[in-house]
Amino acid sequence: MANSRFEYVRSFERENYLLPDTWIVIRVDGRGFHRFSDRYNFEKPNDLRALTLMNESAKVVMRDITDVILAYGDSDEYSFVLRKQCQLFERRESKLISTFVSTFTAAYNQLWSVHMGPDAPLDVGHMPTFDSRAVVYPSDKILRDYLSWRQADCHINNLYNTTFWALVLKGNQTRTAAALRLKDTFSKDKNEILFSEFGINYNNEPEIFKKGTILLRVTKDVTLKNPQDLSERQLQREEKKLKKAEIQELHIDLIGDDFWNERPWILNN
Amino acid sequence: MANSRFEYVRSFERENYLLPDTWIVIRVDGRGFHRFSDRYNFEKPNDLRALTLMNESAKVVMRDITDVILAYGDSDEYSFVLRKQCQLFERRESKLISTFVSTFTAAYNQLWSVHMGPDAPLDVGHMPTFDSRAVVYPSDKILRDYLSWRQADCHINNLYNTTFWALVLKGNQTRTAAALRLKDTFSKDKNEILFSEFGINYNNEPEIFKKGTILLRVTKDVTLKNPQDLSERQLQREEKKLKKAEIQELHIDLIGDDFWNERPWILNN
Amino acid sequence: MANSRFEYVRSFERENYLLPDTWIVIRVDGRGFHRFSDRYNFEKPNDLRALTLMNESAKVVMRDITDVILAYGDSDEYSFVLRKQCQLFERRESKLISTFVSTFTAAYNQLWSVHMGPDAPLDVGHMPTFDSRAVVYPSDKILRDYLSWRQADCHINNLYNTTFWALVLKGNQTRTAAALRLKDTFSKDKNEILFSEFGINYNNEPEIFKKGTILLRVTKDVTLKNPQDLSERQLQREEKKLKKAEIQELHIDLIGDDFWNERPWILNN
Amino acid sequence: MANSRFEYVRSFERENYLLPDTWIVIRVDGRGFHRFSDRYNFEKPNDLRALTLMNESAKVVMRDITDVILAYGDSDEYSFVLRKQCQLFERRESKLISTFVSTFTAAYNQLWSVHMGPDAPLDVGHMPTFDSRAVVYPSDKILRDYLSWRQADCHINNLYNTTFWALVLKGNQTRTAAALRLKDTFSKDKNEILFSEFGINYNNEPEIFKKGTILLRVTKDVTLKNPQDLSERQLQREEKKLKKAEIQELHIDLIGDDFWNERPWILNN
């Protein structure tokens, strides 16, 4: 068949192999979720059902791809951390980012009605979709700083949103007026508005809103050795355990040292 | 807030901007669809419902992303051709491949029950997912050769599958025996088996199976000029027309010159 | 020997294979030549010996690397055009740019005393060095535009420098005053200054200053077919002819069509 | 001037910014030095003048580019280690590899007659040229393994070459016979040949042949802080000291821990 005469086009394909022995983070981000959340009437400032849907979708990814050692998510984004020794898809960037985002998207769409209820059917013209990117980090310190960056960002956004929506929903201000009021304010100003005008103590807000969600496998008896040091059979057994491992959901600080000191196996894997 | 002290991690992000003035093809591929199609009892060798589901999902992508000028699909894969002048996401590779695969995945999951019927509900542990890649082609000739490669591949696979499943389903052979029988055979051998043993004239098989599916927008009155030559308002008007344009489904040869001669606007856009 | 235990470090090496079937241009640029030309007393605004040295160095590169089909240079830079089908070093970017710049540098250093005379010996602390980059261009038109860009740049710079140095050397102005005088002037203003104040008709300036230098091989009897279509022996014979071919030096316009129409083999190779 | 109409070609240029906070190694390699060393009658198996020429050329590079913290070379190759925080040329790969190879080439050509003597004038048709590549290593351990790899390679090659040339020059064997004799031999076999047949104790061979050359700056009073933590003036003062610092030449083991333990500032810079 004439296929061979066209097959040369393969030579135009390029692969980016992510640098070995570095932490890979794949971050999945909602596309146009501002408008999307309006359309489907997400509760403001936080919709617990939608956050649960994000978390459950991330768990599907984590169960499917056992190289993920930790995931962190908030709002409409999720970061998946792959261990340094990860050889999944030979560390090919396209394969990694497309597989993660596709699995996440499929889960989010499938689990939508479970978590959002039957009253909010999805419209094919306005489906939840995501983009994704891969970044490599050469050291444990920088990986921690990446996760700290996302958690600090979660807090900053949540404090802003909590105050903004208090002004709008409880203070009956227009969105424009609320935005104007918050322009150039500091954290303490927002805390003050919340407390003095709406009787809200920000510290008492739910941890899942303030800290986001950390997902970890409960894998006491899994060795997580370098795959190259394991026999084929050991690998399969380990893989099986990882697939079945319970996934733990935490809403705690990961910026300080405590989180890491109590779980040394994360960085030492 | 302490965010700034972590923000340096952004400097680790890298972008690959695809070479300007080249055709971009984004190919979406089913992950593990061999097993997936078994699990959900796809008809063999071709399941018309599943092909329709692929085509309808591709149309959702095409309606969403108007830079797609042509799409070609068969089996569990779809190639989306973006015009040379495309500036979508500044031609950033990660953004492009993740957005396409996410949109395709969402559509496929949402449309599943519409096309596969209510009797085949998806199981979250076994969802349809896809990967994707982007490739750039520097000339019209090479783009055509790429599409010819995929269509020739469709034919080769379909002839094989048609014969294989005739041997299995009508000839009552085991899968192993059928594979062995077909090893090292040429096209004419397979045609002969089909005709003499099963009375099947391969030429009479449905065109969608033999040729795959070409998707084109019916855009008589859209200029498709270089975006840089259009005013903001003209751009919006053009975009609107493209979004509403009917999408045509063809199952015809695109290897020969006729297809292209009859539609000069595809390459001249 | 223990080498194998360290050999894994090879897996950190990455190669960028330049996109096939595109024009490759490798541009070599002088490092800090402003100061360098001061140190070695280059004549201003143009030093014919230094330009000759650049041209002769480029010829050494062209004789060494027969994939170069055309070279263009002016001032302290040279662009080498490699034909689309070029497979040199499998089109690996690092190998290409380092080999070109090293060969050019070696030639420039070796030929220095030949062209600059024995009175200007090079000092190891202040040697002529260059950097380089590779860029691919997908079409003939864009390649021509690239070369036009460099030639237009040559003219712009030369007109400026000719006027600047006339003001300084003949008009006895300080460099600062001359620069100030030329700020925001158009071409016609500079032509006017040259003519009315110094009696210089810019059009009569030497072509090598105004147009730069084009290098071409005189290769009437070399086929320049796609290497894949030639036998090993034909390749060697072709290579031999190319190595021996005379290299022609032109100082003419390449922006208009004439240059290309008269030499159709350049783009059709 | 019409330059602007061509300036769009700049958009085809791509930059690869090497990953931050990783060790950069730039390795310069002789092109065709096997044949080159024959042409210029290098002494076999090692030509001390040629090694000195390599070392002196590397010192020119090191004096010019103060981000180099250590260099290691043997035979016709040199590896330059840039500290993790290096921001030279914004870590642009093309700029880095071309600048290093050009500076090395210029130095090697200029210093040729100084070290090789006036009897071996270079011929422009057969000049010494080099290629180069950049590789990043994410951790101190992997950087050390890289350098160990090169030093182990030096030893392996030197033992082979010493034995090979003893067989040829002292044993009067043909090159083919000598190669055949050494095929599949181990280190101890080569040591045995040297000792029993030629009375050579390999251990007594010069260290520069067995270990290669390590170049280090003597920089007791230079802080080598992160450039971002220094004022402009501090930076300039530090740079000045680095430029003037004496460069030390060592021919010692760097595979074991001693080298590193005695010089903790190399990895801690």
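We call the chains A, B, C and D, going by the order they appear; numbering starts again at 1 in every chain.
Methods note: contacts are C-beta pairs under 8 Å (C-beta built on N, C-alpha and C of every residue); 3 or more make two chains touch, one makes a residue touch a chain.
Please read these numbers as outputs of a predicted model, since none were measured by experiment.
> Using only the C-alpha atoms, find the rotation that maps subunit C onto subunit D and quote its angle between 0 and 180 degrees, to the nearest 5.
Subunit C sits rotated relative to subunit D by 180 degrees.
> Would the interface of subunit B with subunit C count as same or different, where same needs over half of all numbers used to appear in both copies?
same
> Where the centres are mean C-alpha positions, what is the separation of subunit A from subunit B, in Å?
Centre-to-centre distance between subunit A and subunit B: 29 Å.
> Just how far, in Å, is the C-alpha centre of subunit C from the one of subunit B?
One centre to the other, that is 44 Å.
> Just the number, please: Cα centre separation of subunit B and subunit D in whole Å.
Those two chain centres are 50 Å apart.
> Can you pull out the residues of subunit C that are in contact with at least two other chains?
Where subunit C meets two or more other chains at a single residue, that happens at 12, 14, 19, 21, 136, 142.
> Flag every residue of subunit C that touches subunit A in the complex, lowest number first.
11-12, 14, 17, 19-21
> If you look only at subunit A, which of its residues touch subunit D in the complex?
Touch residues, subunit A against subunit D: 19, 21-22, 136, 138-139, 142.
> Which residues, counting only subunit C, touch subunit D once they are in their complex?
Checking each residue of subunit C against subunit D gives 1-3, 6-9, 12-14, 16, 31, 60, 93-95, 97-99, 101-111, 122, 124, 127-137, 142, 145-146, 148-149, 152-153, 155-156, 187, 255.
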